[in-house]
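One structure follows; several queries about it will come next.
By letter and in written order, the chains are A, B, C and D; residue numbering begins at 1 in each of them.
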């Protein structure tokens, strides 16, 4: 038997290659756009990809199904939906198919999306009973799927469907069945997914908080409470995946630009300088007008939050070694339009004698002198975390605007006074700080470490008031 | 959380790197001898190896614990046993320790060996209840551990201990707990392990055949029935692992030898030419006196069966690319003594004008003409599978001697008549055929495909009589 | 400065990435079809590919210029020729261009082909004088280019041009200039290229045999004497490269076929089973009707000799690891039409119970008993080397037909008598033996090691008579 | 033939694997300490390493000869010297040996060091005349070796020997011979080595500046003029290599330390925090007391300048991916004593709530306002380039102290006034700035881009006065 989990950092996507290596065939479940990896895994296992399975129409990444189908000739299967406008064989509750000795049974499992399906799999040596269920975005380790991402006022209806899906379908397959979800920790497709990549139906039945709800109503309430906002790009992705994404075939070749050429490109229309370096490097020196989204695992989702689809990107990298990683992250969330990267990065820029800006990093110790010891006046402290994070407490006197909403809410701040931004770790704070700088704020500080550092330094935490924003 | 399974083909060994990447530390469970892989996995996950855990004193491979301890400074932990003669911290039932947020609870789980321990693990985001059990060689996917490998008449006692271990300890942790055993399919440490690498306690409780036994006595009987013989090298490994294996630090550098130098080495004492090419290539041309054990996943275990510990090996490789793989397989089962490999393989040998031998491959179609259609007389057909495989039927008129026992039972055959060997697929048959040729048998044929081919060609299968050998 | 030689085994092609890493730009000279390697080298050196340079219209491989241009947007430059029917900027004697600090001067260097150009390069730190000349197929280490590959009776004219090119242009640049040719040892584009990849103008002037000719006439005579025949596919390649090869963008994904599916494919029209395993493995067992061209470095050129362009290939590999290598070799010489490869190779075939054939490998010791000791009668011994190799002596009583011509000259042999084939090493002999078998010869032997083995075994060598064939 | 150049960035070391792949043997010339790379290259070329050749006792890196000898059993050969105190076979002028078809002739070539030898090589297909000379540190592309690194007043004597070596031995082998030196651009073993890695004897004869000297005296004068200072660690290395370096066998495993553990380690004796991040990242935030030597190719040599041998290092990395590179660079110049690296780098430190410092990066535009436009008073501008670089002009009003000498000359500066440091590009300036900060200077600025930026911005350059320092 072949069962390999291909984990894609950033999206926290879990794809699966599952098949029968005696029969020499396999399926790929929920592939990402840069799909060569599945071909490689199949080859290593000496199997041919014959089935591409989509548990649902994804909102958080460009599906790799068409890409993989183009590479291998395999057929694409998905749930029943009139939204699909390309060639997808639509499966329904009770459908079954075999891959060598493996048997796949289709369950219709609406809730996260209406057409969502799951695959209950049995077969293999000494395993005639079902041993695994591929639940897509319905049930994760430690969390259930979100019913609110479709929008249009469907969330309650979907939440009720999710309740029935979970209790009447998924949990019914037995405690002993292993759970293979489409996402791990960090994906916004679940409210608060655990940090194991797999689990069991029984473990979730016993321990998943929302599955302890005593009634359908209680479940619906719990599921719709405190949901983080959906990244702006989700609605675009949904449409792209229903219509069938453009096939790339290979990774685009992105070329280096000299400082001079880079500067010339910057002047063109719709160009954005995306600085992917770590926050303190951005703080030390950066190109005026650049947006800082560091190449951590949060990169693709925050790109999806912050980048407009029509923009053509100019990349500043920590090192050219990171080009491949940056390009993959971006194309997975739909940005294939990359005009080039800055040769030798900031070093090349600075050696060319170009001007640069700094964004001072304020330590929590310095911040504490301002907000607690009151040694300085007039600093606006800006908390850019999500609304729901405020419950963990905040830094005294801080104002709150979620980083992704900041470009639309700049007027809530005084441009002529200094602003210091913080979030959970400094990552989103640096995005926000770069947004402020781009928008003409005169004196902006980022607070690296942010709440983590503040708490580790044992400085006083303030309880957040209800709903300061929106 | 970090939880990575490192699978070692051949031994079908499953080692684990499990830890807390927030705290930055991890444990390695049951490492193999070429242990750099664990250091690499730890680095990729940004954690420091602090604990090396041995579920038991292994018999099927040289433990990598000392190697890994030398590389990292981490401490070694194992079960309670007076056999250990090096620095192992011995753990007992109920012992607990933490790795960041993870909690390890020790269960004493005798049965496969007396000192065997298992680790029940809880902790991580949203997972305060135990979610996984690392069972070593006690419970596998689809099979239980073998109690007969220690020898000395202890198998019944250990089988009874195994019963209590399984029913009173392992199964008690709950159906929902994931099972992480030390071996997958193909390891002789379990009678007939399934082809999934993980399972759940509940799945095994419900589906594992031997766990359905209605009483302790029934279980003991089932567990001791039809066990395959233990590879000869197991008793050596046990001793090596109790005393503490020699530390290598790096992989040995094995150098090429020209045909002339290779021929000169062959004349030295205790040298053996080990031809690792596929069976039909060996059949096409090989060096006289060489033993053919092809570099399939069965290679390390069949090396353990066939190679004496004092032998110094001279390798014939399919291609020099395979040197690393051959060397690793060999040192994992205790053979570090490799004198060199033949430069350019058989090609180099033949171009040097050296003589060579052939071992004709007889197709099942040709064989059928002999044994069914009786077109040829006097051929001895030799079945070299394990005793227990005979139950699946055999080729008409075949005689049976298990390949590993052949060197001691050559007198059962007539050296002056032709012999054709078969097994399940032709692999062991080629080992056996090369043994016969080395021992002066004049006319030897191998039957590639063997029983698989015979059955696929739909030729008549004969029921095996009881116990033709031993 | 960047100066990297990218060597492609098989074609013995030497491509170059040469540029200025201060300016951040480079050229690629004579790229192969699977051109991602140049993008990777450029990235590692932090330069952008801006120029693609073709020294001439190649006959021995599909040019990668269009492929690379598609990937990078770089412009293609070549010699002046009306044959080009795609977008190539045509350069003439005396043209100059700069890449940062490097200066490229174009020399028109006809002889190998009429439009052939060379590049004399100067520049870089402390190197204002010309330091290197990229001579394409005009002058190699130890050999000069061949003027006979164009055909159509142009060889004498081109040979005279070559004389003037060499003596009046190339040698005039100075003894101290380094020579960067397009091919190394093993390429049929030169009669007998040396085994160093680079040389100097001075070394060649002093030591290259043909440059010692005392007059133009003597040179022309030497250059046209004893030329090996040009592989059949050369004329096709020439046309493809003049018209502009089809762009692949990525390597094709070739999938595994089960024995059953493979057998079904074999029955379709225009299919050929190409067995790429080593000769003794082919000898041990192979599929009836397959052609054996082993995956040594001779593979692409012998594929070009033996494979018709319209054929669709079914591959038998030594191991699936070799798929990538086989596919690249084949597409470089124009075969992109690969229907699949046999899953698990011959092992899969044999285990499926399919019939197979053997081609016995006859050692030179056995052969000697036949041809010298006359212990067997009636064996036809067939020498399949090139005509010019006969001068090194042959095996007594052998008949000669060059392997590539064999399919058209089968009638020279008696199909009802046994045939044993030999060449220099056994490689071409195995190709020839498989051709004989495919054509119904009843008893065919291959002689591995062939002349090398025969000579190393110190058996008697016979002088070849003049022109036994054609 | 095998001829591969293994280039080691940083040291700009050129090692060679040269051998006969028909005979299956090779030599390695001037190997580095992490020597597995040569074993790998030999394996890829299917040759056995039998000879390890040292052109001389190196001063700029720990020789890998003993390491490689331990791995392969090959014998070590060097020049004639009573300094060697381990097992080196000493070669003299006129000695010859063969490696298959290759012939090595030894030339005694004193000048860089007294025992220095070169190897003139001939042989291979069609190359019976000498084609290459391996000149160690005697003659480079564009430069001659330095005779001043031994010290003790021997430089003039060695310079005279170098003259005779070059003119009477090296240049005598012929213009057409290719030159394979031990170093490329960037090595301090030559004054100003060109940016090609190879050259020819003729090219150097015609173009190398110092070879144009009209007399021995003129040559000696030219060779001893304007030599850059020798890195402090050179004298240590010389001794290590004469005595025989300690054998490591494998790369040391360096483990991550949490911020807390890192801080605890920092308090121990002889610990130094070495921050290897880029200069602007160091500027943005760094640990107080750390020394910044960024992981550019200058890293190993500047480590040799700045690090005391007895120090135990604590590393701050740009990313854990760079650990291997940092460790290799350090052990090549003799620092194996690495206590650990900071887990998650500065991010981990800052999130732990630890305090940090900033070192503001001053752009040349800001600097110009100070020194040209005189908008600010009291800033000390410090030029930390080598003495000889001053000739290219300097920034107005700057004071000069070479970075490596700064720790001993701090008193030349006013600790209570701000200092801004610059060099050629900002790299050494950041080293110097971190030295100043470590030594209690209150306000320190680094000027990224430094002279390159200043000139590119077209700001006024001042001629340097003679010898401002020492």
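By definition in this document, a contact is a pair of C-beta atoms (placed from the backbone, for glycine too) under 8 Å apart; a residue touches a chain by one contact, two chains touch by 3 or more.
This one's a predicted model, so the numbers in the text were calculated from it and none came from an experiment.
S.K.: Using C-alpha centres only, name the chain that sits farthest from chain B.
M.R.: If we average the C-alpha coordinates per chain, D ends up farthest from chain B.
S.K.: Can you check which chain pair, A-C or C-D, has more C-beta pairs in contact?
M.R.: Taking the two pairs in turn, the one with more contacts turns out to be C-D.
S.K.: State, to the nearest whole Å, the distance from the C-alpha centre of chain C to the C-alpha centre of chain D.
M.R.: 42
S.K.: Cα centroid separation between chain A and chain C, in whole Å?
M.R.: Comparing mean C-alpha positions, chain C is 49 Å from chain A.
S.K.: Can you list every residue of chain C that touches 2 or more other chains, as numbers and ranges?
M.R.: Residue numbers touching two or more other chains: none in chain C.
S.K.: If each protein chain is taken as a node and each touching pair as an edge, is the resulting graph a line, ring, star, complete or other?
M.R.: Basically all the chains touch each other, so complete.
S.K.: Help me check something: in the complex, which residues belonging to chain B touch chain D?
M.R.: 23-24, 39, 43, 46-49, 71-73, 249-250, 253, 255-258, 320, 323, 343-344
S.K.: Quick check on the complex: what are the chain D residues that touch chain A?
M.R.: 277-285, 318-319, 321, 345-347, 350-356, 358, 360-361, 363-365, 425-426, 448-449, 452-458
S.K.: Going by the contact rule at the top, pick out the chain B residues touching chain A in the complex.
M.R.: Chain B residues touching chain A: 1, 3, 124-129, 131, 141-143, 174-178, 185, 192, 194-203, 205-209.
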